[in-house]
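Both complexes shown next keep subunit A, but they swap its partner, so subunit B is in the first and subunit C is in the second.
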Partner chain A sequence: MANRVLLGNRATGGYGMYVSEAGQNVLTCNKSKLLFYTDSGETGSSFVAKGTHQAVPFSGGTGSTAPVTKNTVNLSSASSASLSYQNLGSSNFLYTAKNSQSNASSSDFERGANFSSVGATGATINRLGNGDTYDVVVFKKLSTNALY
Partner chain B sequence: MANRVLIGNRSSGGYGLYVSKANSNVLTCDNKDLLFSSNGKASAGHLVYAGGSQSSLSSSLNFLTTGSKDNLGYIPLVITSEAENRVWNWGSKSQGAAQIQLTQNNVSMFTYTSSTLTPALIRPFPANNVDGVLEVRRTGVGDYGNNTGGTQACTNLDFVVLKIPCAYGYMNSTYF
Partner chain C sequence: MANRILAGKRATGGHGLYVSRTGEDVLTTTNPLAFDSRAGNSPVIHDAGEGILGTTANSQATITHNLGYTPLFAVRWCTQAEISGGVATKVFDPRYSHMVSITYPEGIAEIQLVPYGIFVTPSSSNLVIRRFMLTGGDSVYYSYIIFNEPDYTGGLGL
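Moving on to the complex of A and B:
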């Protein structure tokens, strides 16, 4: 079984905590085979990742309660609605989609939604065009920079 | 300072390696406050290689620029969200002898390479779209004269680039 966890001085990367993929020796493997690496601000060929992609739960995630990460919003009549989610920090972005209409109407329509007033614990979903329901997921941004 | 790293037996989760967020006690915190758990169903979770927020984007954006990151060697999965999250249909119209109906199943289109994302457009009217996908968005005039869609410029864009290969032939153990 390969060494998979290292707390200490890695030959490539220096002091830190490292976890490798199954079957990969954490002491010597290529950094592309690391599942986790304490980011020390490395750049260029040493770069591993900015962090872990995470969904922000609308509810749950505490104790034995499973997190609820999808919220179905009904905008059949209302043009907007308020969303509330748990506070995992102020830097979030929200995702929804309404694709692949199997039977396009012979009359004009739009279906979609976007978001405004995105904060640490809530946002507003705004309907685009005709009424519908939308599945929404909240993702963490790892930075507020234009590019990171 | 809170305990942040545990290699051992956590009361919720059992034996494994755990890392908590800043100020969260790794021994007792909720699962949602863990940055890393070796017991996660998605192994370590999906790593974010890059990301960003753009008030508008009209051409290719190189997401490797910050930190001069290495090219991953494959086209990664990019999750995007923008103001144009919609489908659009211009219903049945008569134009002289022609009966026309235009439909876009997804206005929020992008093309991707191993280093860039570019706002794109699949025009719904094939006769106007012999090139297929266009790496540009409509900014005013529609596909078939005015009032057939108007501006579809990419604005208020948020995105994350995940270390997940998203191209045929790359979804294997070599790249995961």
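Moving on to the complex of A and C:
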């Protein structure tokens, strides 16, 4: 079985935490075969160093309760709804599908949904156009200084 | 050198495994962490960045990833009007576009699709972000994340 997890000094990368893909030796494999490692501020196009795009659970994620990371919001009649999620800090970003669908009727060009009042524990989803349901996922931003 | 890894009890978050980004003290930082065991299953990031596309028609940025397959990605964009303090107050996904009604001086009304937005084209080697507007007007501020996961959205992205 290959070495999969390293906490310490790696020949390539130095001190940090490294996790390799199944079957890959974390000590020697190419960076592209690492599932995760602590970044050292690398720039370029052939690295895996930014960590994960962390999904903020709507519920669970603590104790023995599994995290629930998708919330289906029904806005068939209401035009907006409040969302609540676990507090993993501020700087959250919300995704939903169904934005700007091509099946808009001639009187309803604007489709999809947007978000407002995004905070550490909640946000508001606002429907655009006709009623619909929306799958929503909350992610942590990569940086408080990022464009989004 | 900052503390980067904590397996134990954190003042904010309680017991868990926490990893901070470079230069950040995992014990105290309020910035987003690189890993937080309280989070749900999360896609792994290959590359991320942001930039500006100028006001020439179809100006574009090519981000090389060399993954060998078309990856899952997320792109958002806005214009200067949506920027405040270096951070976007509102962003649009690449599928956003809009139509306007134009009434000519002769009184003839016409519905036109006015190019206003961006195109994103992923491939096995790069991600191309192209401004889809007429020459002049707004510069496009874009942000992107390229994930390690292969694309499962049919090229639409998150």
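We take it that the second predicted complex is superposed on the first by the 127 of 148 C-alpha atoms of A that agree within 3 Å, B and C clash if a C-alpha of one lies under 4 Å from a C-alpha of the other, contacts with A are read in each partner's own complex, and residues count from 1 in each chain.
Convention: contacts are C-beta pairs under 8 Å (C-beta built on N, C-alpha and C of every residue); 3 or more make two chains touch, one makes a residue touch a chain.
Nothing here was measured: the structure is a model prediction, and the numbers come from that model.
Trainee: Once the shared chain is lined up, is A:A81 touching subunit B (first), subunit C (second), both, or neither of them?
Mentor: It touches nothing on subunit B or subunit C.
Trainee: Is A:G16 touching anything from subunit B or subunit C once the two structures are fitted on A? First, second, both or neither.
Mentor: Touch status of A:G16: second partner only.
Trainee: With the two complexes superposed on chain A, say which partner A:V68 touches: subunit B (first), subunit C (second), both, or neither.
Mentor: Once the two structures are laid over each other on A, A:V68 reaches subunit C alone.
Trainee: Touching A:A120 in the superposition: subunit B (first), subunit C (second), both, neither?
Mentor: So A:A120 meets neither subunit B nor subunit C here.
Trainee: May I ask you to decide whether A:L27 touches subunit B, subunit C, both, or neither, giving the answer as first, second, both or neither?
Mentor: In the superposition, A:L27 contacts neither subunit B nor subunit C.
Trainee: Contacts for A:G129 in the overlay, against subunit B (first) and subunit C (second): which applies, first, second, both or neither?
Mentor: In the superposition, A:G129 touches subunit B alone.
Trainee: Which residues form the common part of the subunit A surface touched by subunit B and by subunit C?
Mentor: 7, 17, 35-36, 45, 47-48, 50-54, 57, 61-62, 67, 86, 88, 95, 99-100, 109-110, 114, 139, 141-148
Trainee: Residues of subunit C touching subunit A in their complex?
Mentor: 4-5, 12-14, 19, 21-23, 30-36, 38-48, 50, 63-67, 74, 76, 78, 83, 86-88, 90-91, 93, 95-99, 141-143, 145, 147-148, 158
Trainee: Can you list the subunit A residues touching subunit C in their complex?
Mentor: Subunit A residues touching subunit C: 7, 16-17, 32, 35-36, 38-41, 45-48, 50-57, 61-62, 67-69, 86, 88-91, 95, 99-100, 109-110, 114, 139-148.
Trainee: Where on subunit A is subunit B touching in the complex?
Mentor: Within the complex, subunit A touches subunit B at residues 5, 7, 17, 19, 21, 35-36, 42-45, 47-54, 57, 61-64, 67, 86, 88, 93-101, 104-115, 128-129, 139, 141-148.
Trainee: Which residues of subunit B touch subunit A in their complex?
Mentor: 5, 7, 12, 17, 19, 30-33, 35-36, 38, 43-54, 61, 63, 65-70, 79, 81-92, 101, 103, 105-108, 156, 158, 160, 162-163, 176
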